[in-house]
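Below you'll find the structures, each written out as structure tokens.
Next come two complexes built around chain A: one with chain B, the other with chain C.
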Partner chain A sequence: MKKSTKKGILATALTLMMVTSAACGNNGGNNSTNTPADSTAPSDTAASNNGGAASNDEKVTLTIAWWGSQPRHDATLKALDQALHPNVTFQTQFSGWDGYFDKLAVQYSAKNAPDIIQMDAAYVNDYAGRGLLADLKDLDVANMDSATVDGGKVNGTLYAMPLGVAALGMVYDKTVVEKLDLTAPTFGWSWDDLFAFGEAAKAKLGKDKYVMVDQSADLVDYTSYQYSQGKGYIFDAEGNFAIDKATWINYMTKMGELRQKGILTPADITTTDKELDPQLDSVINGTAVLRHTFSNQVSAMEALKPGAFGFASMPKGTEAGGWLKPSMFWSVNAQSKHQAEAIEFVDWFINNEEAGKTLGLQRGTPVSSKVVAAIEPSFSDADKVSLDFLSKVTPDAQPFINDPKGWGTFKNDYKTVVEKLQFDQSTPEEAYEELMKVAAKYAEEAKK
Partner chain B sequence: MRGNPFKTMRIEFVFFFGFALIVTVLVAIVVSFSYYNGSKEIADNTSYYQQKVLVEIHKKLTTNLKDIEQSSNTAALNFSDLYEEMADGNKYDQVRGQANIRAQLNNYVYGMPILHSIHVYSNLTPSYNVQEYVQFLSMDGMEKEAWYKDLKLSDEAWLGERIIKTNSGDMPVISFARKVYNRFNRAFAVMVFNVKVPDFQSLITTEDSRSNLALLDATGKLITHIGKADFFNTHQAEIEGLLEEHNSGAKRTGDEFLVWTSSKDSNWSLLEVTSWRQITAGSLKQTRTILALGIATIIVILILAVFLSRQFIKPIGLLLKTMSSFSLNKKSPLPTDYKNEFGTLFQGYEKLMQRIEQLYETLEEKHEQQRAAEIKALQMMINPHFLYNSLDQVNWMAIEADQPQISSMLSHLGQFFRLSLTNTNSLVPLTEELTHIESYLQFQKIRWEDRLSYTLDVPEEAGKLFVPKVILQPFVENAFVHGFHGKQQASLIISVSVSFDELLIVLRDDGRKLREDWQEKRSAKGGYGLRNVRERIEALFGNKYGFTLGNSPEGGTEATIRLPKLESLKQKGEQQDVENSHY
Partner chain C sequence: MNNAAIKETAGSVKLGQVKKIRSKRWETPVTGYLFLSPWLIGFLLLTLGPMIMSLYYSFTDYSLLAAPNWVGFDNYKQIFTDDDVFPKSLKITITFVLLTVPLRLMFALCIAMLLNRKMKGMSFYRTMVYFPSLIGTSIAVSILWKNIFSRNGFINDFLGIFGIKGPAWIADPKYALGTLIILMVWQFGSSMIIFLAGLKQIPTDLYEASSVDGAGKFRQFVSVTLPMLSPIILFNAVQTMINTFQMFTQSFVITNGGPVKSTFVYVMYLYEEAFTKFHMGYASALAWILLILIGLFAAVLFGTSKYWVFYENQGGKK
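After this line comes the complex of A and B, so read on.
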């Protein structure tokens, strides 16, 4: 199901003035595969068990898993302490983005997956398609924009409750830019502006410092580039892989040049870069100045270095490069023995004002307008920056489309291929061929 | 307390304290027995079941830890292979290789829920990101780790609790470290498999999770513990000693009850500590209940003992009271409602008393009869009226026959008897008694003529004093019958002397001496006279008075009669009346 949710997201963003945070760091390179496309077990049986709210006094332990940055972990743990039910306790599993879905896949195989799962747009179709997610029809979505809610539906059934919206953009080290007297990146700057900024900055930074973190192995970067060049989304309306060969080779060639010039971080630094890690994030530790980011991560960065960062949009080509994305979802495990309690928890998470206050914008602005109204007066400066970020990207945002079923882990293979370019082990043309081979495999599997 | 208390102490006390002592001792025995046995049994049971539980835990633990150890072995082999593949490659190969290693190790973490993370010490590019499950660290860093010494001499080791950095903050973990060897048999890396302490502890936690457990490795090193941290930390040496001695066992040290087990096929030892107080709480409670019951019983029994002893001892007391206040005149009756032994005792006592009273009565009666008979006999012996009348007739006969001497003798004799008869009182003035005896002497003088001389030496004031009637006559008669028998000349002196409260009459003759055996061998007649005198004096005045016989300085016999100084009859009224009544 490839459904454009741009309109709904726009509406949500404008009416709720929300800023959300969706953490999508670098892909951890790993070989774990979990793309079974043929499992179509219906989720109805499991879902039918969850009728009505859990109200018995039985002690229930809910396992809950999410990925994110440290501030999000902290806020979420704090919110869990406010527990909606005295007889419900939580067992938490949280980590960074890397490995999150690998682990989830293993857990599902072992039948010990968490009851409540933070879901990503890239995997909703996969998991819902395999009947691993519970129907969330019991959630109270009265205060939510229906288009937003639709972002979590697969074939008309709500399997993932969207938690917020994030805008793709860029972050730069404001202190360095000011110190070196550079023209700061802006919302609405172009690729040429970026290249010029790169040249100028590199000239002043010297040998051991770099301008931009090499995120070319992240499919997000190229997706944005293809959008900006007016070539549309990387999947077509039917879910077929739709990378434009010339654009891709052109992009990778350009990136190779920037790498050569020392504008992009060299491969060894790139591989150790960990987004939002206090020591390993190249922008935070001062190795580089610029990288792409999502608006939800503003408060996490602000927390590490308050006031040090400025934000910009993705560079423009003929079109804008950024988009809005339902940052993440809550899904309930269809195998869970405590679906009713899990759904009740999700309902509390999205509708409770106190929970909203505790969570702030860490996992995105609450989708409930009522909760937003309750927490708006207490927005921090970072929250306001994040909000501003989102509102500036919103006007010309590209449409966001959930990854087609079966393509959830494609981005990992994509990374492996591009890393060869980063290490100079391949040429853009060779890499393209390799990529096409991988894509063909995915397409073949997805059809099965 | 001296001597046999049953003989020396009051029955009430003996009864009460004896009872109290027995009951107390019994209760004490029951209580201590129940406590001792209860505790022992509980301890045995506890030790038995704890052992069983520990063995179960042991199995569970061993299974899990073996799992980790074996997985680590596989992981190390794979790691070694991957490492070798990438070692000669270019930078890209190395990055890809390290990513592959990470991915593979990630799968171990994902697949084993108990594993928290894996730390790899090698010369791979170090990267420690708390959001990751696999961390790469440098070999140099490892040598600084506190646990490094545990691994120095072996290929693998379980490391005790330590702290690592995670996205949940600093977290205590227990780790299994394994050296990774390449095909040249050189240890080029160390993999450390971390298990979160709570997860690890859940392996050795019992369902009720009340226990204090310690887990020790083969060398006796404390790996982790649940509960009493202080105890395990301070008693490490002792615990090690225990484990070395026996594979499994139980021991009590102070309030701690230790149960441990270690199996031969695994390197782990489990030691459980339970509070002795807690174990024996039940038994103690039971003992307390028994003690309380015992004390209540003691109190009840003592009250009962008091009541019983009172009830039992009351009749004895009554009997004692009756006995101590016994007199013939006043009777204190004993209760008659006792039908048991006490009743018999009372009846016996009453019977005894009755018999005694009867005895008294009979005795008195007999005494009285005897006295009366004696007096009657005495009187019969000298019935003066008959003699007197007879003598008077004889006198007349003598006068008619012109025998003046006989007539004179008879008239003296008659006077003698008359005197004996005239005064009806048993006590007479001394003058009268002397006149009476003089008539007898005159009578004898007619026969003896001048050969007899007698003297009466009586002070004037003595004449009025009262003396018993006819007390001198037997002495004088004795002098004539025994003393003067066969003699040509006879002399008799009667002298009276008065002292402050006594009257002494001394009769002295010059006849024969008193026979040595006079007391034993007395003639019925003479003996009777003197005995009569003696008894009469004693009956009248008590045995303080009487007479003595001895030899007189003149060569004959001397009799000394000792009498009270009686100036009037009133002084001896009662006796006199009694005496009179017999005339």
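After this line comes the complex of A and C, so read on.
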């Protein structure tokens, strides 16, 4: 009896532990914060029916979420303090880009997503297509370029308000280029110029420094290359995947050569490179000289190393490689109980000149021409560089298209496929086949 | 005593007394359940409920943002027939488990034996060795690990002193999984504590008797310590095996499954399907397969235990 009891207890304890810990183990560190929307329940119906908090004395708490770097957090928090309305208080959830959309999905499934959500072009179609975003037709968009506003529309309805425009281009370490007496990259340089710059710079940099961060696993880089070769966007008008086989293999072969020559960063440095991270960004920490960037990141880079950087366009082929994109959007949660207040806030955010002054160019150049005119006199040097960057890319910018519905996470799988090339585990032809297999899965799912 | 008293007065028991006895009989389990209730309620609401939900979701196409539709065994069928990632992540996970569990147990046992000596200030050493386990085995330690093993981290600086150029531990597919294994082995605190308690349970007369018989230290370890400790080893093996199968934080924080998916363990895959791609139904099916898999491994451990686990009161039956 004694021995069986002892054995029995052990077995039972282990079984229970196994069952409980195996099943409930992992929720992946995505702790959603509490929802303040519920605490103001009595005012809900009143507030949303009379079309705004302005005529309502009830206290309203709006949850607002965004991603970004420290200067953007600081500016946004300051702007929120300038509160548009004494009855509205904000609860903020801000973070870096990593995990932002994972968390948002979990919050939506738990029905406690923020009222106001910073949205990215990759996900607008996914979220709007599932009916999770509110119609923003009540926003005042009189002072905005209609093409820009259209960037936030899905089937003609405005679900995401563009907050700024950013241009794709490149950043280089000016101090290194000057010290080594190299011909600096320019706006309007070509792929041949870039290759020549690579050879010349590598010869002077030596073994342990590299010319360019290997961003070939970033879909942005190839997209720009395909544009520059005159082969159009990577999705056709119907949202079908349209990577040109010969162009892709050419590009990857060329990148492989550059990697071999030590012009591109080697794979083990590439995998730990993290854009805009003070320690891990290879251009900021001095491991490499050149990488692609967006014009709205200028001030974040300047903040880390003032005056050290110069900017250039993406290289040209037969056409330009850069484009303008809405840097990010505000969307309003369709499940929110305070949609009217949330929309009123977004309206204030994009149209109010005081708000514009506080926010600066942290989300790209503001879309309202009135706001731009008001804040222009107070531009910092970094702002001027950013604006100059934008205006130089604008004339021959390629069209920007939001990722089709269902393709929001495609760039993660793309990265995995190209990583194999970086680590020499695959050839461009094999990688192309693998990529097509992945794309076929996405296409199949997008049809559902 | 009480029983005897009742028997004696069996014929002339007063009504009140019967009632008292009966109510006592009923009272006991209720009180027991009452004391259990905090755990029981937590188990039912936070564990059993979600488990049943996830079993249900595994038969649906639940996408996190839209309502679930019943699809029968489609998810399971797809996992086993049309999924390239599943076998890969499973292979990585099983490799990880098979290497981590024995290494961690050996390491924990060695440390426990070192700490089981009689020495001045031993309780201080025990505290210091267990200390890392107190600061948590999760995010903070993972970030620390990421820094220590980074290109210009502590380890490579240290190797540099001897003129060795260390590899890119976490950025090279050849070394990344190994680096995570070292981390898991290093997080030995809880197993070590249990071993230490087990070592203290071993009667000293066994050691005295064996040394009288002329057994050396090694002989004592093989013939006394290991058999006496075998139930504890089984317990630790099963517990470590479960933990290792569920490894997520380390891979998520340190390598994010990379480079080239070399540390893309099973639970990372599950997480990606669930929260990045919104395939909650599919991910639920993956979770249930993991549960069954852990069950199988545990069954193997228990199945073999009769050949190597020794229970004192079994009288040394082989």
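We take it that the second predicted complex is superposed on the first by the 393 of 448 C-alpha atoms of A that agree within 3 Å, B and C clash if a C-alpha of one lies under 4 Å from a C-alpha of the other, contacts with A are read in each partner's own complex, and residues count from 1 in each chain.
As a working rule, contacts are C-beta pairs under 8 Å (C-beta built on N, C-alpha and C of every residue); 3 or more make two chains touch, one makes a residue touch a chain.
Because the structure is predicted, anything quoted here is derived from the model rather than measured.
Of the two partner chains placed by the overlay, neither chain B nor chain C lies in contact with A:Leu80.
When the two complexes are overlaid on their common chain A, residue A:Gly96 makes contact with chain B while staying clear of chain C. Once the two complexes are laid over each other on the shared chain, residue contacts for A:Val213 go to neither chain B nor chain C. Look at A:Val385: by the touch rule set out above, it reaches neither chain B nor chain C. Contacts of A:Phe423 after superposition on the shared chain: both chain B and chain C are touched. By the touch criterion stated above, A:Ile343 is placed in contact with neither chain B nor chain C. When the two complexes are overlaid on their common chain A, residue A:Arg130 makes contact with chain C while staying clear of chain B.
Looking at the shared chain after the overlay, A:Asp277 reaches chain B, while chain C stays out of its contact range.
In the superposed pair of complexes, A:Ala446 makes contact with neither chain B nor chain C. Residues 28-30, 102, 105-106, 267-268, 271-272, 416, 419-420, 423, 425 of chain A are contacted both by chain B in one complex and by chain C in the other. The part of chain C that touches chain A in the complex is made up of residues 43, 46-47, 50-51, 54, 64-66, 139, 150-151, 168, 170-173, 231, 234-235, 238-239, 242-243, 245-246, 248-249, 252, 258-261, 267, 270-271, 275-278, 280, 287, 290-291, 294-295, 298, 302, 311, 313-314. The touching residues of chain B, when paired with chain A in their complex, are 90-92, 95-96, 98-100, 102-104, 106-107, 109-111, 113, 125, 127-133, 167-168.
The touching residues of chain A, when paired with chain B in their complex, are 28-32, 70, 73, 94-99, 102-103, 105-107, 110, 112, 267-268, 271-272, 274, 277, 279-280, 416, 419-420, 422-425. By the touch criterion given at the top, residues 2-3, 6-7, 10-11, 14-15, 17-26, 28-30, 101-102, 105-106, 108-109, 127, 130, 132, 267-269, 271-272, 409, 412, 416, 419-420, 423, 425 of chain A touch chain C in their complex.
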